[in-house]
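Some structures to go through are shown next.
Below are two complexes that have subunit A in common, paired first with subunit B and then with subunit C.
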Partner chain A sequence: MQSFGISLDGTKNGETFAPAKDQFQEELVIRPLHSGDIYASFQFRTLWDTDFLQEGQKKVSHYRLFPKSLGQVLSKFSVQELHISFTQGFWRTMQWGQPFIPSPPGAELWVWFHDTVSDVDGNWKELTNVLSGIFCASLNFIDMTNTVQPSASFKPLGLGNATDHRFLRYATLPREIVCTENLTPWKKLLPCGSKAGLAVLMKSEKLFHSSFHSQAVHIRPICQDEQCTSKAWELRQTLNVVFDHYTSGQGKKEWSLFKMFSRTLTEACPLASSSKVYVDITDNPELSPATPLLSQAVVLGDRRTYSVYDLTRAETFGQLRSFNLLLRWKGDNMLRPLLHAERYVAGFGLQTGEIHTVIYNNHPYRAFPVLLMDSVPWYLQLYIHTLTVTSKSRDNKPSYIHYQPAKDRHRPHLLEMLIQLPPHSMTEVTVQFERALLKWTEYTPDPNHGFYVGSSVVSALVPSMVAMSTNFTQDQPLFSSFVPVKEESSYFVRVYTEPLLVNLPTPDFSMPYNVICLTCTVVAVGYGSFYNLLTRTFQVDEPSPPLAKRLANFIRRIRGVPLLA
Partner chain B sequence: MAAPLTLLLIVAVTIRAVLFRSSLAELISERVEVVSPLNAWKRVVEGLALLDLGVSPYSGDVFHETPLMIYLFHFTVDYAEIVFMVSPYFVDCLSCLLASLDRAKIAIGSNNLKSDLLFNFPGCLRHIISFSTCGLNNAIIALFIFCTLKGSALLSGILLALATYQSIYPLTLFAPALLFFLQRLYIPVNLRRSSFWCFTLQYAFIYVGSLVVITGLSFFLLGSWDFIPSVYGFIFSVPDLTPNIGLFWYFFAEMFEHFRLFFICVFQINVFFYTIPLSIKLKEHPVFLIFMQIAIISIFKSYPTVGDVALYMAFLPAWSHLYRFLRNIFLVSCVLLACSALFPVLWHLWIYAGSANSNFYYAITLLFNFGQILLVSDYFYAYLRREHHLTHGLYLKKKDGTEATLVLK
Partner chain C sequence: MAFSLDTNCGLLNHNIIGPIYCTSTIFPPDILITQFWFNYRHVANTLSVYRSVKRLGIPDSHIVLMLADDMACNYRNPKPATVFSHKNMEFNVYGDDVEVDYRGYEVTVENFLTPRSKRLLSDDRSNILIYLTGQTGNSHGGNGFLKFQDSEEISNMELADAFEQMWQKRRYNELLFIIDTCQGASMYERFYSPNLMALASSQVGEDSLSHQPDLAIGVHLMDKYTFYLLEFLEEVHPASQANMNDLVSVCAHRVSVSPGHHTDLFQRNPGSVLITDFFGSVRKVEITKDTINLTSSVKSGSGDMQIESLTYVDQLPVAEIIHQKPKQKDWHPPDGFILGLWTLILLVFFQTYGIKHLKHIF
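Take a look at the complex of A and B:
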């Protein structure tokens, strides 16, 4: 391992720190997709053998490869696991297959707190604000009105002692837009920044000119070996992007790194222990420069062959000290995704509606259960008695339903169901809702655009057609080791549906003063009528005498003389 | 009297049953003029479904019925139709009774029983197939009035407690009921007399006691006091701004946050505020006072529906002898009819067609409430005027012998 930076053998206060055992790996996977687009997935992993949360030790203050801002966040808020993703675009499962790392459109944040935390909500609030600053995103819009505590979905992906779902918080901001401002701080968290290694390819003008762009940070504690004798913290930064030059009309199924990223690779990150580029050659594309290194991996139930380019070896870069991959392919052979979900809103008008979630099980003969999690904002009032789950036009009763109704202006609806999907079928989940009229200050500046409802999450252990390997090796490529494989015959998949855009009835925003005046007028009319009738009595109307007579009576009264009639 | 009454009741049952079975029932039960977040049947079903799922119905913000409703409907949810068909009859029978009672007291006017029920019918028509618990609330209030008129203080107190428990506003009916009993027992309304206080305390004890018992029973149903903020907190703080025929929703949708609490207090006090002045003015006429109170509640409550309007309109035939003193009856009927026709039209234009906005529906709301206020104050004027004529004679003359005009001064 080339050690580029300054290695500190620190002595502080007369004590010696052992050098922190951390390592950094980076990899890029390029996969041509069935529809002609190309999928590039970057993963950067830092493993650090330390313990942020252990008490009685001095606080960790010497950061080398692990970014200090994230380390401080973890120790201050006692975070056990943190997953944050920013996505622009929607992953089209039926055309592109399953992604290595799924993410919903917008921003998604889910966190497991350590079970020593006493005020989880307070920590959550501060954490979202701090992360908002770190990533230059508006995560401060995450508050109790869009945070839920799923009871069955989102179990810890790393080691987890805390399985009490009171320590889990999940929030999603479907409206969040991802741009260069979010990419720059994300790149800064990398040990080499964007100056060396694979991160050099990440130029925003090309990355955001794509169908799908997702950048994420996943932090979790993992076991370092099979017996789990030592634990380490793993930080994975992933960036998935799908370039659509073919479908957007540029014609040929021919790609190069330069064409995709407008850059070529010149060197590996000196701090990285491994720096590799994997290209999916299962469909036998033409690849240049060729490489003898091949690797087979079973990811998401699919065995595929990859060409491996090791960037830590100087010969990869050739004479020109620059690595540009050229790819030309013809055939398309995609494994049909076994699990797929869609969601849409039905109904017309601004009073009621129906949310339909359709889940497809494309396995020819196996049925398997899926966990569907729906988080609907409070202003769409769900009626759970109208919930129907039908498979193959017959009622399919979920075996587990956890429903937490919304409290207006406090928390959203949470619906989790365990549904058994029959083989080769379509299951439809429908629920009716009513749209609420909000106070005029609660609308966004463009109220007629509509309100976003976050994606539903479908999690399942899908039976695999190909045996998966449960061996734990350090040399596994990163893209195949994101989700721990517990058994050979099934793999874990999380599918996100589309977010929904729902219109709410709006009051007239130009009218507050008028409305107050008019309503108070009507109330005052009522008050006035009753006041008159209550305080006055009926009298016979005697017309008042003419002026002359009144004057005469006035003078007579002064004189003390009897008055005129 | 029994035979035509039974015949009319049978006809009414048939018509109602037919309408319940038609597709009109579902359409009407969704309309905002007819159901409100407090009494929609859909929400009752939702609450029961939540209970079946093991979640407290009050943990969300969809169910705002009292726990006794859960008790009632848990067992009769399949027979709900029958419950809703039966309850409006109490109101019908009561209006007949009122009419006949008043006639016996006053001995003016024609003996036209049929006109009563027919008058009452359009009022109830709007809400008979509405599938809302408003019908049950109206039935309880009608029973309370019936027991009061029959002179049973115990039953009257219990039923008033039940009505107050359902929605807080019938609290204001305590004063007229008390005045009626005092009048019946020939106890003068004099704060210095011990007989007055004796009876008042007895009645208040019955009322408050039953209220406490009913509230305690509700606590034991679900084992928590959650229902108090969910039901009574909801009625008072008006968090749900679903459009209805009342004045609250748009007002608080457009309210500046800073003043919200102030105006909530003002609007809620407005309902209870007329009790004492009206009781002082109408202490000799408690039956009319009950009518006035019910009307004021129906107009100014936080979530009114046409069911509440139908309740006080059902009693209008009892004051048919006031017709000659009404000043604006034509205007008022035109306004109310026009508004009833325009409500669904403008709702459709706002919500479904998208070519109108909320201001149109709001304007009709304003006009409807204005018409109601005009109607109630007109009847009040007519009643007071008739009382004046009863004491001073029907044809009044001025000092010089010409015909006089009466004015309010």
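Take a look at the complex of A and C:
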């Protein structure tokens, strides 16, 4: 393929372009986990001061850092907020703590539409199809049978005043596979692609050889500055990965960038206004190359110290023009996560079962409320009259319940409850269900694998040990500024449980063939014999005479003499 | 100096510099339709052909790749995000920039014959290459059909009809159909549209063989026919003059079962058809010397700025949630309505037909 360059003449009558109003920041946070694994979180943020949704003005046509495919999606479908994530693996909260940005296994998509949209369902359907093409994923399987409209969870993470939940849609695909073909278009959305900056580290052979891999795109309007007088659009692309070299026995508690990613960094992205690497050194690991830059941040209710490497400065790369970080870690104490949830199916047989969701509150003396949202497909018929919520073996009545029953083949169950968790306790939510028998064309090609039920979502405001700062500053590192902080004493967290895999009663798919064969045989043999018996007539048939006699008869006929018998 | 790029001959009608050499656009769908980990070699087959076709110049927008199961990120794969086609793990055909258009449950007969999204926008000047691999009417009996996902099938008649429809709608100029399965020749027996050439890895009654097992991955990596096909394609480059007869004869000698080919419907002599007509693509670049002036971007109006400060929404407003008004419920008839209705019906009945029937009820 030939390569070619394009040079454009941008001036017209002496006018010059307005100064660019978009900026791009990238950062990588590396955090050693107490189990010996290492957690790397990439965040790429593009901030753009423009308005996709404003009418009466010419449509946005010049895109610089913001990807055009997403910009067109936002303006065409009047999207106010879009959050999509693709995850492979399950985040183990008890061993790894809380992630910076949580995500459930499989694919998850939730969207807030602008309040000028008249047909939200139509827009949602088209949006899922377009996104499925952009990300090479099977998001077109999202339809009304797995979409819900939460009534209290998933409030907008960006700016907004009216929160009418009619404009919110949420869907998960727990079975969705994440592989290189999803990573490739995700990387193409970055301004520098995978050619410069932190994205050169993203090689699929290493990223997918991990315990947990999650890539997400979050788009929302945020405050442009501290006074918050105008809006700007923020696009965040995050990639969280947990490498398990230590637990899988491949090494000691010692890592380097090269060992994790098989690459080193050589330069920052030229289009980035800031490009930083943060390493969590709260537990005092050995770090080389050493750096004098330190920063403290309060994230997830905990004050942690980070070493900062600024990639926009040439001296970070040293003599060899390559930046490779080495980390040797000892020590293994971890702050126990305050909120943790699990879910499992109990019961036996293929007719009934019970879903148990267990939520743990590990805070020694504070109680706090959590909002539990469950979306169960229609083929598990829930019996809500058997719903029980118990904490410390006593009944715990939720202060808010919203239940929308399922409609067969039309809509899933939606159950949302606001539960107050007593301190240092375990709360169990149980509900019984019955498994439905599907029509035989509705089974997947491999029905004996089972059917997936999406993760439950537990949203909570957890009391924080350390005061959080509510000021919004531009220099805040990206990983601590994702969720807007409204009050100092608590932080918002979302915990996803495991998805469930249930077996539905599966018919024997060879039976239609067997039945057809048997019926046709019986009908053919029975009817055929009967018909013959009724309509067959018998006639006497003379055998044909031998040749000599025929010849003799022929001669006699000529002679006119009577024929032989 | 500015450049402009033309990839479709139909649009080439002005500003041409140099000789007019119209190579038509080429659209190859690569299709793999079997599930399960032991069919790893089918994925490797398809991806190898995909790689060759991309190497010879066809862009992703002109390729439809359908893989029915995920091998690269399958939990059984000892090296995730990789698919190897040669022993000793030499070459990762999955690579870093693969784009799979249909995967998993999306690979169905319906999506193959009439894709609703991600379709090929071919026209009557396009050459199409179709490569299918999987399992057909196999050693368990029957031929003339191809299995999709172990639960559906497509028969050779349906395939022939589909190509005829494409011909009627002028959706292709020439079509090359390659199939690597057992009894592959049975799939092209029924073709009747013109300008079709078909190659199969085995005749009716014969099985296609797999080529190399790999001890680390634990399954066979590739099929014999595709292996030799690819060996041949490795030597083809975008300007190569190799033709179809070379392709057919190369595969005939080296494999132990006899591959078949069907060239009767093809109007040109196979010896005059270049391999690159189907497997590669040359893009035509036009060079002009005009400058293009761009207008400056629209400046956003400073007129209606919101003066009051905006706020973020509270993520878990407990008080608000507890006092939330319940949503409008569907209207139900008042309680006892059905009971009252039936009483009324019974009363009317007994009124009309007389009270004597009542003793039969009670």
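In the analysis below, the second predicted complex is superposed on the first by the 490 of 565 C-alpha atoms of A that agree within 3 Å, B and C clash if a C-alpha of one lies under 4 Å from a C-alpha of the other, contacts with A are read in each partner's own complex, and residues count from 1 in each chain.
Basically, a contact is a pair of C-beta atoms (placed from the backbone, for glycine too) under 8 Å apart; a residue touches a chain by one contact, two chains touch by 3 or more.
No experiment lies behind these values; they were computed from the predicted model shown.
Trainee: Which partner, subunit B or subunit C, touches the larger number of subunit A residues?
Mentor: Between subunit B and subunit C, C touches the greater number of residues in subunit A.
Trainee: After the superposition on A, what does A:378 contact: first (subunit B), second (subunit C), both or neither?
Mentor: Only subunit B is touched by A:378; subunit C is not.
Trainee: Just checking: does A:506 make contact with subunit B only, subunit C only, both, or neither of them? Give me first, second, both or neither.
Mentor: A:506 sits against subunit B, while subunit C stays out of touch.
Trainee: Now for A:318: first (subunit B), second (subunit C), both, or neither, which partner does it touch?
Mentor: Neither partner.
Trainee: Is A:207 touching the first partner subunit B, the second partner subunit C, both, or neither of them?
Mentor: Once the two structures are laid over each other on A, A:207 reaches subunit C alone.
Trainee: If we overlay the two complexes on their shared chain A, which of subunit B and subunit C does A:348 touch? Say first, second, both or neither.
Mentor: A:348: touches subunit B, not subunit C.
Trainee: In the overlaid three-chain picture, which partner chain does A:122 touch, first (subunit B) or second (subunit C), both, or neither?
Mentor: In the superposition, A:122 contacts neither subunit B nor subunit C.
Trainee: Output the subunit A positions appearing in both contact lists, the one against subunit B and the one against subunit C.
Mentor: In subunit A, no position sits in both the subunit B and subunit C interfaces.
Trainee: Using the touch definition up top, name the residues of subunit B that touch subunit A in the complex.
Mentor: 30, 32, 42, 45-46, 48-50, 53, 55, 59-62, 239-243, 247, 249-257, 267, 270, 274, 277-278, 281, 299-300, 350-352, 354, 357-359, 362, 366, 369-370, 373-374, 377, 380-381, 384-385, 388, 396, 398-399, 404-409
Trainee: Touching residues of subunit A toward subunit B in the complex: what are they?
Mentor: Those in contact with subunit B are residues 348-352, 378, 381, 383-385, 401, 403-409, 413, 436-441, 505-508, 511-512, 515-516, 518-519, 522-523, 525-527, 529-530, 532-534, 536-542.
Trainee: Could you list, by residue number, the parts of subunit C that touch subunit A in their complex?
Mentor: So the residues of subunit C in touch with subunit A come to 1-3, 35, 57, 70, 72-73, 79-82, 92, 94-101, 103-106, 117-118, 149-152, 283, 285, 291-301, 305-307, 309-318, 321-322, 324, 326-327.
Trainee: Can you tell me which positions in subunit A touch subunit C when the two form their complex?
Mentor: Within the complex, subunit A contacts subunit C at residues 1-2, 4, 6-10, 12, 15-18, 49-51, 57-58, 61-62, 88, 129, 132-133, 136, 138, 140-141, 151-152, 155-161, 163, 177-181, 184-185, 203-205, 207-209, 223, 227-231, 369, 371, 399-400, 402, 418, 444-446, 459-461, 483-484, 486, 492, 509.
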